[in-house]
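First chain A sits with chain B, and in the next complex the same chain sits with chain C.
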Partner chain A sequence: MLSPTETLPWITFYLGITLLIIGSLGVVFGPKASKEPIIRIINLTAANNGIALIFLSYNYTLAVLTILSVNAMFDILVFRVIIRLEEMEALY
Partner chain B sequence: MALNDTVVPALVPQIFINFYPIAIVVAIVVAVIGFTGLVLEKNDFQKILIVQIPILAMYMIVSAVGTDLAEALILPGMVVSLAELLAVSEILISREITRREKEGEPLRVLNFEYEPINMEVLKTAIPVTCIVSVIYGVILTGFTGGAVAGAGILIYLFAGRTKGFSNEFWEEMAGISGVAWVFWLLGFLIYFIAPQYWLVALFMSGGGIIIKVALKLGLLGILGREEYNR
Partner chain C sequence: MILIDFPYAVVVLVIVGTIGGLLQTRPIDKILMLAVLGDGLVGMIATYQYLDVAMASSFMTFVGIIIMMIGLIRTMEIKKAKGELH
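On to the complex of A and B.
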């Protein structure tokens, strides 16, 4: 039986946990992650979407909206730093 | 379960109480993974990226409470972590610059050569998106409204043609942001000193926080513009 108060939070919660653990493992131990920061940022997006799904299962509307927008601003800021450090050849 | 009638208030649904031990265990596992990576990594910039994983674990521990209090604690945490990232990245960049100046190495500057795409939608859609999101943000008010309006200003500053406004204008806007913050504080003060004027206090703090958050997000746009249009 599919019920909006029992089944759907259950699905989103466990999906979010899976995405969070896989994403954090990818950020830390992922292939080529220690050489290329962009791969790390992409893996971080998976973990961030996992936590957004967990917030969704707890009915935190504002938290879901805020973490999605904060994720986008995070990417803008980090890419700016990558470009500046790459100009000075100081990234690695 | 013993948790049900003693610690947890009755308004938390049973499913969130069932989630609680799982959420705490998973958050601890994620935090251990994140700190392991932090120990293994040597590069400072890569550490900034890995630090986000313990932050996510912290969000998860707070959200396991399952009430509105958790949401109220999570929202400022996210915005503060963004400001923290901004400050730490500025420190990293300026440290590299001072190191170069001390060693006498010339700063290499990459020139991005590009041809602007001539499309109708790029000229007309950006101001409309900005105006719509600012108006919607003003209707929402408060923290979320500030974020929505600020995102609109950010889009305009990043992508739009900023003809009408000079840099001095945006610096004055930053001053207004400080004044709005004072209004927010005064609103909170009135709540405690004179609770009978609660409506004035509500409007002062609500209006103050929307102006402050929106203009702070606009500052990010100014930063990006000065960066790329040198």
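On to the complex of A and C.
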């Protein structure tokens, strides 16, 4: 069995760092990310989940809930902006 | 007899969700693979035995996925009205 005070935060922390690096590279260099901004915003969710895992490894549960709910609010705002720019044809 | 611990299965779920979600090109496939990633996050929180936080965070990921799908449908409708969608 894993020890819940030593091994499990270690696994969670390095998994969070891995997600953060892979998600950041996916946001910048991901496939078709420069053509459609929705794909870039969806890739940003992976990096955000990595940050949530890093917060979880320090046992800050309130920070995990806060960053997940802030991610939902950020999605609302950014999708409204993308839809408005698509209507105005000012995206490219 | 337990052959694999639960956190290692969660690690596999998270890695598969991340790689699959970043390398897909259709937006609906990306959203569904990132739902797998959110399930991995909920499983890792449940490994810490914060079950109330797991409940609330599963609801938050659900709300985020609903918002993304609504925005995706609106964007596709606008593209279809402009004739850019084949």
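Quick note on the criterion: the second predicted complex is superposed on the first by the 91 of 92 C-alpha atoms of A that agree within 3 Å, B and C clash if a C-alpha of one lies under 4 Å from a C-alpha of the other, contacts with A are read in each partner's own complex, and residues count from 1 in each chain.
Everything that follows uses one rule, which is that a residue touches a chain if its C-beta (ideal position, glycine included) is under 8 Å from a C-beta of that chain, and two chains touch if they have at least 3 such contacts.
Fair warning: this is a prediction, and the values are worked out from it, not measured in the lab.
Residue contacts after overlaying the shared chain place A:13 against chain B, while chain C stays out of touching range.
Of the two partner chains, chain B and chain C are each touched by A:76. When both complexes are overlaid on chain A, the residue A:60 reaches chain B alone and has no touch with chain C. By the touch criterion stated above, A:26 is placed in contact with chain C alone, chain B being left untouched.
Once the two complexes are laid over each other on the shared chain, residue contacts for A:2 go to chain C alone; chain B is not touched. Applying the stated contact rule after C-alpha superposition, one finds that A:38 touches chain C and leaves chain B untouched.
By the touch criterion stated above, A:87 is placed in contact with chain B and with chain C alike. Shared-chain residue A:46: touches chain C; no touch with chain B.
In the superposition on chain A, the residues of chain A touched by chain B in one structure and by chain C in the other are 41, 65, 69, 76, 80, 82-83, 86-87, 89. Across the complex, chain B is touched by residues 5-6, 9-10, 13, 17, 20-21, 24-25, 27-29, 34, 37, 40-41, 44, 47-48, 50-51, 54-55, 57-58, 60, 62-63, 65-67, 69-70, 73-74, 76-78, 80-92 of chain A. By the touch rule above, chain C contacts chain A in their complex via residues 5, 7, 11, 14-15, 18-19, 21-23, 25, 27, 30-31, 34, 37-38, 41, 44-45, 47-48, 50, 53, 56-57, 60-61, 63-64, 67-68, 70-72, 74-75, 78-79, 82.
Chain contact summary for the complex, chain A toward chain C: residues 1-2, 4, 8, 11-12, 15, 18-19, 22-23, 26, 30-32, 36, 38-39, 41-43, 45-46, 49, 52-53, 56, 59, 61, 64-65, 68-69, 71-72, 75-76, 79-80, 82-83, 86-87, 89. By the touch criterion stated above, chain B contacts chain A in their complex at residues 13, 15-16, 19, 22-23, 26, 29-30, 33-34, 36-37, 40-41, 43, 45-46, 48-50, 52-53, 56, 59-60, 63, 66, 70-71, 74-75, 78-79, 81-82, 85-86, 89, 92-93, 96-97, 100, 107-110, 143-144, 147, 151, 154, 217, 220, 223-224, 227.
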